[in-house]
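Read through the structures below before going on.
Look for subunit A in each of the two complexes below; its partner is subunit B in the first and subunit C in the second.
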Partner chain A sequence: MTGAPHRHFHDELSQLKDRLLHMSGEVEAAVDRAVRALLEHDADAAEQIIAHDSAIDELEIEIENGVTNLLALQQPMARDLRLLLAALKISNDLERMGDHAVNIAQSAKRLRDAPPITPAPELSDMARSVKAMLSGVLSAFVKGDSAAARAICRQDDHVDALHRSMFRILLTHMAEVPSTITAAMELLLVSRNLERVADLATNIGEDVVFMVEGTTIKHHAETGGVAGGR
Partner chain B sequence: MSSVMRPEPAREGGDLDPAAEIEPLIDIRDFSFWYGENQALRGISMRIAPRKITAFIGPSGCGKSTLLRSIDRMNELIPKTRRAGDILIEGRSVYDAGTDVVALRQRVGMVFQQPNPFPKSVFDNVAFGPKRNGLCAPRELPDRVEWALKRAALWDEVSDRLDEPGTSLSGGQQQRLCIARTLANDPEVLLLDEPCSALDPIATQKIEELLVQLKHEYTIVIVTHNLHEAARIADYTAFFYLGELVEYERSEDLFTRPQQERTEAYVTGRFG
Partner chain C sequence: MTGAPHRHFHDELSQLKDRLLHMSGEVEAAVDRAVRALLEHDADAAEQIIAHDSAIDELEIEIENGVTNLLALQQPMARDLRLLLAALKISNDLERMGDHAVNIAQSAKRLRDAPPITPAPELSDMARSVKAMLSGVLSAFVKGDSAAARAICRQDDHVDALHRSMFRILLTHMAEVPSTITAAMELLLVSRNLERVADLATNIGEDVVFMVEGTTIKHHAETGGVAGGR
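After this line comes the complex of A and B, so read on.
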């Protein structure tokens, strides 16, 4: 059972993990740079992020093809099967995060000539939290650490709270100074995009728990929300 | 259901019981087996559900074939063997002093790795058991042969070749002939020891499809080295290692989220 074909398979699984890690690095950088472009009114940087998204899309396709081949040729079981299923979903979630980075970059372009942004600290805090969730969850994936993945999932509540806080701040601005409505609406979109990235990082955390433990925790399956879990 | 038949399923390996919700047909109780000084099975306790397919998997020498052959007492044919514990079918010990071994093997049919038709015609291969065991009148034999061959999904291929030697059939057909020969005896249990390992993928697929059909009327236990075969057709799978039952689960659980490290290592090819 420890012959060459299986060693080859396990090497390929390691390579797949490396590609996912590379993809998550790209996505993390895209989200980070998009928020920076917004805060610094840097339309050129925003343009670069938009242009670079195709590279993230290509990584998703590359990982999808790799998973399909391994499923077809190796017919993996147990932990290996769960890893491949998780990889497929994670690459899809990362690609969606890349799209949210593009949305933020587009907002940055539209906000280039807008006055300085009032809730910058909240926005920076959100971006920092989302970035930490993303790098933490991919680290949990690579290490197969389900406890860390569960902890990341819980951080989503913090980002949700920041998003609600942004909403209240921007609403107040719009009510007080109607001329800020366009910019405030744009910022609301940015906040919404960051909140979605955190949701997707949470999805990845749930996939990591499934991969490591074979247990379903999404849709509150652990607390009896839906039939699931072992 | 009595408490003897339905204990609390243990979750730590060794005495797992995924079939606990079903009245077992075969009840293996603390069963051990020795070839001379060599202990091949160590205190196996498991219950096998009726009209389901149960697969025994594990590396060579793990004891899975020994356990299979202990169910119909085939191991007794080997000198210097001994056993401890018991195996019950429908609550009656197969090792009871009063058990008629011939009747037991009529009730519990066995199919082996290498197709082994008798050097007789296709018809006589299937008619042999019923004739020998007096299961039907001679004039009813053709009907019984046709019934068994149809049941083994072989009739359409051999209906015009019944007088030809069984050995003239292809490997896959020979294996289905052996299954038909067993079914003609009207067994309750079918034991199969790696029935597809000598067959090509198409013949394998036919046997697997046949077993899935047959499980509605027979209790099937299959030993296989092919994990994917067990995953494809078995309702329950038991993993054996060094004569011990390591894990016994519904196949969908054992192959996607095994509980024991040794099972995980075996099914993902990280064993040894």
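After this line comes the complex of A and C, so read on.
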């Protein structure tokens, strides 16, 4: 390969990374806003999140097309190939996270007229942790930092613990006050959606490790996810 | 490219398809057995499903390695490239379905001593529909039949409707008989896991359409999935 097309290829790769960063920024904002809309009973904000999801879907298609073209035209080897395959999976995972944000926004709409959300601190804590995992793992991807990616996979346990704690609190609450059952069921689903976003961030972390080191850790890290994945 | 490596490549592709069929057969059996273990209060069967999940995980890694090698060594173009990328995504989706089967098996263990499962007919119907979607979509993949794949994506609406119906039935039940709350919550999660398996089968259908036609339908078909995806 001569110098020129090689440089061109690396320009394309860095553009691809920028797009993924942009997409993950959008997803982070969507998750954050959805939880806020829920806590603040803001149905308009929830509606906006739902409407904006198509922009996230478009980004995924754009990234997929970019990767497919690069694979076809540049026929990259080894580490560059792994980077392109990781980009494909990451965009797929980000799009699914966007869908979870939409699910949370839909719960927010249904809970618009519900009493104040309990337990708010646990929910806010989950949202904060999930956001930190997502931004951390994308930064690990861009830097090719597998140690950082592994550290983020381990944070998934904290989110799983928060989800189990939400489950117990909601269960107790609905058993004591049956009139809260509908709202509690909805909040259980919100918690489950946040827990799934953390799982997807963990998937991305595993892809980064594979990309950098060429070794698969995924099914070790996932054991906790399944156990916590009620 | 000469005749020999080309023939070799097509042997490899057909081996890859066989592996995916084998993997989807394993996943189908796991989902089916998990729902049966739940309905029959069979904790031993549930335990076996959980233990067997690592075999499904291994199949995914095997398929991923196969695809990565083919991409690196054969540098395929156009339709073959799309087939390899589809195989990668399908194995990823199948592995996630296996995790959902594990989640259902874990619910079955927790519900071992619970009273008979209600509503059993809806649950069985969901399991049957999900199984049909999964076997249909893999057959569409192997045959490259995008019309069949589209038809399967439409079946997702039926599973979403069953899930919503489960949700309503369980909600009513737990409001009337608060002692059933714990079991009902668990069954809601089972229903949600089945609904997610149907979503993943739909994803595969979308990948088959993309592979065959080179056009993306995913975010049209997914609208229903999000709306139904509480």
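Of note:
Assume the second predicted complex is superposed on the first by the 218 of 230 C-alpha atoms of A that agree within 3 Å, B and C clash if a C-alpha of one lies under 4 Å from a C-alpha of the other, contacts with A are read in each partner's own complex, and residues count from 1 in each chain.
Everything that follows uses one rule, which is that contacts are C-beta pairs under 8 Å (C-beta built on N, C-alpha and C of every residue); 3 or more make two chains touch, one makes a residue touch a chain.
Given the structure is predicted, the values throughout are model-derived calculations rather than measurements.
By the touch criterion stated above, A:80 is placed in contact with subunit B alone, subunit C being left untouched. Touched residues of subunit A were counted for both subunit B and subunit C, and C has more of them. Of the two partner chains placed by superposition, A:147 touches none, neither subunit B nor subunit C. 75, 77-78, 81-82, 230 are the residues of subunit A that lie in the contact sets of both subunit B and subunit C, per the superposition on chain A. Contact residues on subunit A toward subunit B in their complex (touch as defined above): 1-2, 6, 9-10, 75-82, 213-215, 230.
Residue ranges on subunit C touching subunit A, taken from their complex, read 53-54, 57-58, 61, 64, 68, 71-72, 75, 77-78, 81-82, 85, 88-89, 92, 99, 102-103, 106-107, 167, 171, 174-175, 178, 181-182, 185-186, 188-189, 192, 216, 218-219, 222, 225-227, 229-230.
The touching residues of subunit B, when paired with subunit A in their complex, are 59, 227-228, 231, 253, 255-258, 263-264, 266-272.
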